[in-house]
Structures are given as structure tokens and as C-alpha cells.
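Mind looking over this structure? Questions follow.
Labels run A, B, C, D and E following the written order; every chain starts at residue 1.
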Amino acid sequence: MPIRTEPMTVNVGPQHPSTHGVFRLRITFDGEEILEVEPILGYLHRGSEKLAEERNYVQVVTLTDRLDYTSSMINNQAYCLAVEKLLGVEPPLRAKFLRTLVAELQRIASHLVAVGFFIQELGAFGTPLMYAFRSRERILDLFEMLCGARITVSYMRPGGVFADAPPDFWPALTQFMHDFAIEFNEFEQLLLENEILLVRTRGVSPLPPEMAINCSVSGPVLRASGVNWDWRKMDPYDAYDKVEFDVPVGSHWDNYDRFWVRMQEVRQSMRIIDQCVAQIEPGPVRLVDLPLVIRPEAGAEAYGRVEASKGELGFYLVSDGGIAPYRCKIRSPSLINLTVTEHLLVGWKLADMIVSLGSVDINMGEVDR
Amino acid sequence: MMQVKALSGDQLAERLEQALPDSVVDKISDEVWVEPARIAEVARFLKEDEDLDFQFLNSVSAVDFIEYFALVYHLTSLRKQHTAIVKAKVYGRDELVVPSVYQVWRGADFQEREIWDLMGIRFAGHPNMKRIMLWEGFEGHPLRKDYL
Amino acid sequence: MYGLAMAKGLMVTLKNLTKKPTTVQYPEERVKQHPRFRGEEFVWYEERCTGCASCAKYCPLGIIKIVTSPSETAPKQGDKYRLEVFDIEIQRCMFCGLCVEACPYDCLFMGSGFEQGKYSRKDMVLHVEDLRQADKHPSTFFRPQLEASGYDPRGGRPLNWREVGRESWRWHQQEKSGLRLEHSPVDTAGSQQESN
Amino acid sequence: MNCQLAADNILFENALYRVIYDAVGSFLPCWLAYVAAGLAIMLILVNAVLLGAALVTWFERRLLGRFHNRIGPNRWGPFGLLQPIADLAKLMTKEDLIPAGADKITFSLVPLVMMAPLLLMTAVIPFSKNTALANLNVGVLFILAIGSLTTVAIFMAGWSSNNRYALFGAARAVAVLISYEVPVVISLLGVVMVAGSMSLANIVQAQAIPFLLVQPLALLIFLTGMSAELNRTPFDVAEAESEIIAGYHIEYSGIKFALIFAAETGAMLVVAATIATLFLSGWVGPFAEYIGWFWFLLKTLLVLFVFVWIRATYPRLRVDQIMALSWKFLLPLSLINLAATTLEVFFLRDSAGTLATIDLWIMAGINIPLALGCIFLFGNLVPENAKVLSVRPTTVVVPAVATVEVR
Amino acid sequence: MLEDYFRQYGLIAIFAAIAVLVPTGMLMMSYMAGKVGLRPSNPTPVKLEAYECGVETIGGRWNQFNFRYYMFAILFVIFDVEVVFLYPWATKFLKLELFALIEMAVFVAILLVGWAYAWRKRDLEWRS
């Protein structure tokens, strides 16, 4: 005889340890099972797009730092590529390599955060997170060396990067790559095949490729769904056409694959960095003839995109000939990846919900902008 | 190295004219301007046509050009590996309604809600046309040029 | 075998138990701060400032307020203005360094401190007098001439306006573009640069 | 009055007890002297548990810090030893809130119901040779029975808080308890059977070789089950901070929180002491006559270390997986252990009904391979999704026209 | 023997009283500290709200919660009763005859049948 129970509606977030910032889900539970999900956003809305209309092209770089604050370098890169497209210029080769290199470093840092918090949400008491942060800290140190800041880097400029790396950056990078290879092996040993992790994530919340494409999901989540699509391969920007790497693709489409794809992407990023270091040559790092205050011609528009750590990050810029973009639309991967929350969460349990949300790896700075 | 190529406006316009007469308003180098009222139809055609196969909607943007709003759809076909830009002009300032492409690409869900929230263009057929970034009851649409 | 990976995980944590902690005990110990660090307490050299307000124009947040009056004290330097007000609202500053990048006379440097917490917002505004009197530990951010001299802002002594050096505009342009020319050592006399 | 302490009293040889007993007994009735001397031991126990709980929090935090490659609390006192005192002082002066709509009486009773059984459990644990408050002949059962009272407190906390997260935590705690009590209790049957007694003092004496070797399967089950009942990783679903924030004690603040927290860590301490007694031969060691307490503490610390180590390494299981683990893995394992031990005892015992040391070694020789074999066997029965797939296809899937139904 | 029994449990009873008194005393101490003013007490309606991630709770106070573990509870009761019988048996097993072994094997086997039935009926799993 079924016992009459009533569903209950619970707010998960905005003040919840596992919602990646101030994100709110209104969830209807039946016991521990999820019946309905409604994501509620906007707690971190700062109006970046409106602010960008009030700043000149270089000043907008500082805004992009604050979108996805775990991968500022890649945001910088996406924006600068869009402006360069708008102007029809290309940065010098050394700048391209530098950008690729720091973007990959940032991708490692961002994936480490994603994976670390993913395991944290699985309930490991901090250890994997601390190990991930230990390595991430070294990357941030390298960024500090490069541009004087750790998170809000503002390193890139339309037409290159603001300054060449200091001479002591290169030995530090080599040392880091050496140490990180060891640390990452350790990290993989700790986690990659852990049975508890496997039973918790294997087969949970699968996202079929059709669904992923229809929902415009991008980045590691799309690749974990079995779609081999990486803008670095498909539309190579900066120096990505000069380096070799593989695109890891998931086969089960589940939480474990999303985690696995990120782990493998870190390995590929390490490959790319090594190739960049080997190939980079002295030369200018910034277009000399580009003035500080940029004025693209009126009516020009460009959609610049990169494969950011969370997915396809695009800047759609429209110019009216002024010193500030007329419109700066940010196609943020985190926001659009959230479209699948309902599909991923409904029917699963409370504990899986947190993990699935973590596996999508959203960043509220980017979702709300 | 694989490369994604952009479809030219001419190509797109030609295909669209064949299948959906009078849907195209204008075409420029690599973009095609379509009738805003028929955007959902156009979208379904672009997605389901074998040769075009635009299954991936990159982004939906709205730009306020004061006398009109431009809706910009960036599309990609993952299989054919080409991209396209489809645009629509929406004239007026108040009570703007455009058919939603939610039923074609669910990826438009949050972006259309965001456009309604920040630009004030309503999408007919969207099941959950609420404000997304700002709270219900917020007055005005902040990304419009006349919002200060 | 089932449990093998779990045992491996235990070994990894055990191995890390014996490692030296990676964190440091903050106030007593500090991590190394790189010379390019973009810190608080801007370093400003009044001797060189012409009051052009490029920094104020270039600040994305508009937190720099400059009021000038024609100077009578430095007529030899040409058209120089004396700064009446140079307020930097440091509580809103995001340390992007664009003001430093915009300064054409190399008179504004990022600082190197970061422990400037105050109890009131009013105290967070850097006034011209504060800037004049502050200890000058300029960061080498966007100042290649300083970087080439190997100056470490945290460890080094305060530098005066002659010591921080200034490269010719042409040199600077090339440096910005990454063509590393021979670095001239930091000029302690500071005369030849000033003639530019 | 000339009181004579009965020779069979467990505290007969305890110096402190004897001194008090004789002193009080010289001018008061014997039973009062007995009570007074007992009270002295009780005070020691209460203080030991409370201070011990404080030290365990410090030990755990410090050790976790080192596992994480960071320093851990080190500001107050040498090595941060005074940190728990600072925490207590802070919590004492915090506002003590009872949420509106909570069941006030039940809510306030929780720290009490949590703390009392914990203290009571220590009564039967022999800390050293001839040092326990009481040598109950049902010691093991006493510990198990009193120990599970904590769950009542957890459920009270969850229910009375009028908070959804607390309710989740409470429901999970009860579900976990009813699942894990069974294998835990069955696993201890083997120990009792080999020792031939339920009194903890006798069990210690029966351990000619530590039962760790004789009953490895029982230790595994007991450790796992106790981790679950103590809400420790990987079974900490009742207070899973990443899911239900703090679970049942989400609404507690101030001194009530301090007590609940102390009870949790104290419970860990007591369970570690129990394991040390039952499986690691308690206070037995070289010079145990004089420094038995040292061996006891050392073994307790060792078990505590294992608890912390596991917490530092593993992610958490989901609640239904925890239940499945108990009913489908641990319960059969405990029954196998029971059957094996029964048969071994039946065939190895001599006519007088005792087991010689050599018999214990034989049992160890059988049981250790049996434990490994059982884990291997049941490990192969785990669902396919828990298997490691090291080689994975990286095929390009570019799907056909999406046929996803749009709601 | 009986005297020993009362002596032991007498001590346990006193200890139980102390075990209750100690936390009560601590709670009282804290209460007194509040009275003296060592501890602030300034409850406001917002502060007293149940914590639900910073937003107001939706719905009623205590609702009928889908608990899903009835079958486990029943099994738990069965097995715990079994264990109560097993303990005295195990204590004295060193001196018992073969008959006791067989008897207990039968007893456990009967319970195992029930357990296997529950497993077979998939009652040991999470079901919707």
C-alpha cells in the first residue's frame, strides 16, 4: 500500500556551499528524489554588457577578467580576438604564442578548480581540492610574475599582450611543468579510479549528444557527451594551428565522463604548453601602430570566440566608430550550459544533483555577468 | 587541420528563398537578414535542411540601433562544419514580439529570456518568458540605449 | 581488484602527510612577491608629473580626480602644472594598471603594498599629500627600465624620481612591442632621460 | 568500620580507588565508601571524555591540515593545542538561537541526549589493567546498546529544527543506523565467541594475539559500521556539508552546537577506544602492569589516525549506496565471519572449552585469507559502473538531426 | 554474585545520573552566562527563521516526508532480535555441544531466507 507523501519545495542556494557562488535552484523533492528544478539567476548580475558600452576598447579588458574569474586569461583572449577581428589586424607571432601558453595555463588552473570542487561536492573532505589548489597556486604565481596580478590579470590587449614575459618567467615555467607532471600523476592516482567516485558518478545524469547540441552546450560538457567539437581544432585561433593536441571525448555521457574529460584536457594542455615553449621565438609582443584608444570603423561588427575552459566563449562586438563598443554581447558558456540543468537533475537524488551541477562547472561571474 | 567556413549571405539567401519565399529581406557578405515574424520558420528550416544542418545555435544577441533592434543568430553546423549569421530587424520600441526559436534550439532558452529582460523584446512561444537577471517588477530594460 | 584504487588513494594521502606544508604562516612569513606585482599605494613622482591627467582619462572606473594650476615653481621644465588635487579612491580601485600604462611621462607607478585595510571609506582615498609623502617602492609593472635594473619593490630601498629612470619614448615604444634592446642601467643621475 | 574490598572487584588493585575507598571506609559505611571511590573514577572518566573530545578535535584538524599539505590550527598554545579551548570560549559567548517554529523542548534536549550515552559508554572500557568503572558481564552489548542512542538524538535534532535540510539529515542518519547496526552487532559475535565472554576486561585478557589477526573480517565490518554510525566519511550523509549543508545540526549555535560537536568527536574517541579494546588487545603490551594506559592510548590514537586518514582520502557515498553496501556486502560478510568462526571454534576448542594460543594462530591463518577472498569475491559482484575502464573510445559522434522532444 | 550485580549496576546508575548532569550543567552555565550578559541575546524575526540558503522557506512546517526505508526498518527489527538471542549463545559457545550449533544454524537460516526474499524482491534497493 503506497503511503501518501507530499512533495516538498526546497531552495538550494543562494547561500549554499555547493552552488558555485550565488546560484539558486528551487527544487521540488519527493523524499530525496527531484521532481522539478527551476534555476534562478541574477544574484551576481553586474551589467557587464552595459558597462562595456561605457568604456573604451582597452578598458573592457578589465571587465572580461571578472566574467569567469577562474579563467580570466581566456576571457581576455576571447575579447582581444574579437577586437582584432573587428579591426582586421593580427597580433605578432610571439604574442600569439604567449597568449596560447597562458590560456592553456589558465585552462589547467580552471579545470583544477572544476575537478577539485567536483570531488569536494562528492564529499571528499578537502584533500583533492587542496591538492588541486596547490598546483593552481603555482600557476597564479606564474601569472603574477607575468602581469602583476593573480586572478584579475588584464594581461592581453587588442593587438597582443601588454608586455613580454620577464626573463625569470621561463625557468619558473619549466620548473612548474616538471613539478606539475608529478603532482598531477599523484592527483590522478588519488582519484581517477577511486571506486567510490566511480559508483557515485558512473551512469549518473547522462547527457545524450542530441540533447547537448540542441541545448547549445559547449566545452568539456559537450565533449563528454561524445561530440568531438573543440574550437581550438575547428577554428584555430592564435597559435593553436601550430601545436598538436588531442580532443578527449566521453563515451558514457555521464558525470564521470565530464570529470574524465577535464582530467584529460589538463594533460593535453600540458602538451600544448610544452610545444609553445619549444616553438616560441623572440619578437614583438604587441602591435606598435595600434593606438591606446582604438576607433574601429563605424558599422563594423565581429563575433570572436574561443574554446574557454567552460565552453565556447564568444564576444559579439558592434562598433559605431566611437572609442567604446556600441554593443558588446557576451556569449557565456556557463549560462548556456545551464540550459541542461533540468534534464540533468530531474529524477536523480539530492546527492547526485549537487555533483551533476558541479560536473557542468558553472561560474556565476559568467552566468550573471 | 579542419577549418570551419562561413557560409556567404548569397548562398543562404538563395536556399531560404527557395524553401521559404519572401522570408529574406537583405543579404550582406556573410549574413542574411530575414523577416522577423518568420524567424522561427527560418530557424526550423536552417536546422532541418540536410545541406545546411545548423543544429548548434551559438548565440542569440540583440542590438539596439535606436530606430530598430537587430536580432543576431550565430549558427554552426557541427557535421558540415560551417557557420552562418542570420539577422532580423525589429522596428519599434514598445510591445515588441518575435517568434521564439526555443522549440527549434533549446539553447535559446536563457538567451531569449535575457533579451527580454535586458532589451525588452518578447519571444512568443517561449514557455517561460520571465525576467532572468533582474527581479520581477524591475522597470525598464537596461541594455536599451535610452535606458540611463 | 576492487579496493585497489582506494588503497592507492590512501597511499597518496599518506605520502602527502609527510611533506612539508605548502602554506605559509602569513604575517610572520610571506610568499615571494614578484616585482611586477600590482599593489596598492601608488607611487607618484611629482617632479615628473605634468598634470596631463592621462591616468584619470584612462581609468576604467574614473576614480582618479585631478585638479591642476599653472606652476610657478618649475618654469624651467616647460609647461608644467602643479597638482592641487590628486585623489585616488583606492577602495574602488581594481589595480588593473591602465593608469600606469597611460602615463606618458613615467611618473606614476603601481605600488607594492597590499595591507592597506582601513576602517572608513574616507580613509581609503589617497590624497596628493599622501602620495607625496609615501615611501616610494615602485612596482616594475609596465616599467621595463626598472625591471631591467633588477629592482625588487618589497626588498629594495625607496627610489627617488631620478633612480626609477625613464626611457626615451622611442625606446619605450620598442620595448612595449617586445623588441628587447640593450637595457640601459637605471640612471642615477636622471638627467639625460629628463631632457627628452 | 573496617571495609574490605571484594577481591573480584575490577578496581581491586587500582591504587587510587583503594586509597579513596580505605580513607572513606574508615569513618563511613562501606557502601558509601564504595560510592565515593566510584565517584572519583567517574569524575576522571567525565573529564577524560570531555578533554579527550577537545583534544580529538585538535588532533583531527591538525592531522587533516597535514594531509592537505597545510599547517592546521597553530595559534593558541604550543602546536595550537589550546585551539579547542578558544573554540569553546567563542561558542560559549555566541548567541544561542532557537529557530522560530522549532519544537523548543526537543530542540534543547538534543545536546543532553547526545552527550549522556557517550559518557556512559566509557563506564565499561578497561583503560588499564584493572581500571574500569564496572566490569559488566554484558559489556559488549552495553556498548552497542548505549552507543546507538545517539541516533535518537540526531533524529530529535533533525525533526525539531523545523528545517528541511535537518530533516534530510535526520532521515538519512536513521536509515544508516538501522542498516549498519545489524552487521556491526553480528560481527562482534565472533569476538565474543572466541573470547567466551562479553565482559571487555575478559576479552582483553583472552587476546593472546590481538583479535585484529584472529577476526580481520569482524574488524573491517566493525570499523566500517562504526564509521557509518559516527557519520564519518565516506558515510557522512547525515551531515554532508556539500549537500545538506550541516544536516541535523544546521540550526544549532552557541553552547548547544559545542556540546553536539564535542559529543561527535567524543563518540569517535570512545569508538576508537572500543576498537582498541576489542581488536587491538587494549592495554596489553610490554610492561602493561605499569604503563597499560600508555598502550591503551597509543592504540586508541592509532585507530583515530585511521579514522582521520580515511576521512582525508575518500569521497562520500550516496545514501542508497550506503544502504546497499550494508545489506548486500557487509551483512553477508558478517554472516560468513560468524559461520567461519563458529566452525573454527567448534573444531579447535579442547575438551575443557578453551582455546589455546596456537589455536588462535590457526584461526588467524584461516581467517585472513578468508577475509581477502571474501572481499575479492564480493568485489567482483559490484555493479559494472564501478569498474575502471582504462581504455576508452574517442570516436567522433556528430549526431543526426536532433529528435529530442521539447517540452 | 547478585550482590556484585547490584554493586556494578549501582555504579552505572550513578554514572548515568552524572552523565546527564554534566551536559545539563554546561547548558545551565551557558544560560547563566546569558543572564549575566556574557552572551548576547538579540533575537530578531529574520534571525530566528529556519535556514534555507538565505531565502524564505516555501510550504508548510512539517510535511509528510517520503522516507523509503520501511523495509529496512522491518529487516532491522528482525535481525536485531536475532542478535539478542545469539549473544548469550555465543558467550557460552565454547562449552556447548554440536546440537547447539545445529540449532543456531537453523535459526539463522530461517532469517536468511527472509533476507534473501527481500533481496530478491528488490526491497534492498532504492525504488520510486
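Here is the rule we go by: a contact is a pair of C-beta atoms (placed from the backbone, for glycine too) under 8 Å apart; a residue touches a chain by one contact, two chains touch by 3 or more.
Not measured: the values here are computed from a predicted model.
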Joint neighbours of subunit D and subunit B, given as chain labels: A
By mean Cα position, the chain sitting nearest the middle: A
Relative to subunit C, chain with the most remote C-alpha centre: E
Two chains joined by the most C-beta pairs in contact, as defined above: D-E
CA centroid of subunit A to CA centroid of subunit D, Å: 43
Intercentroid distance (Cα basis), subunit E paired with subunit B, Å: 60
Subunit D-subunit E separation of Cα centroids, rounded to whole Å: 14
Of all residues in subunit C, the ones touching two or more other chains: 2-3, 5-6, 9, 12-13, 16, 22
Subunit E, residues touching no fewer than two other chains: 52-53, 57, 65, 67, 126
For subunit A, residues that touch 2 or more chains besides their own: 8, 10, 16, 32, 127, 131, 134, 190, 193-196, 213-214, 227, 229, 349
Interfacial residue positions of subunit A with respect to subunit E in the complex: 3-6, 8-16, 24, 26, 30-33, 349
Touch list for subunit A against partner subunit C, complex: 55, 58-59, 61-63, 65, 92, 94-95, 127, 131, 134, 137, 141, 144-149, 152, 154, 160, 162-164, 166, 186, 189-196, 282-288, 292
Complex interface listing, subunit D residues touching subunit C: 63, 65-71, 74, 309-310, 312-314, 375-376, 378-380, 382, 386, 388
Contacting residues of subunit E [partner subunit D, same complex]: 4, 7-12, 14-16, 18-20, 22-24, 26-27, 29-30, 33-34, 38-43, 45, 47-53, 57, 61-62, 65, 67, 69, 72-73, 75-76, 79-80, 83, 86-87, 90-95, 98, 101, 104, 108, 112, 115, 119, 124-126
Complex interface listing, subunit D residues touching subunit E: 6, 8-9, 34-35, 38-39, 42, 45-46, 50, 92-102, 108, 111-112, 114-120, 123, 133-136, 138, 140-141, 159, 161-165, 167, 171, 174-175, 178-179, 181-182, 185-186, 189, 192-193, 196-198, 245, 250-251, 254-256, 259, 320, 323-324, 327-328, 331, 335, 338, 342, 345-346, 349, 353-355
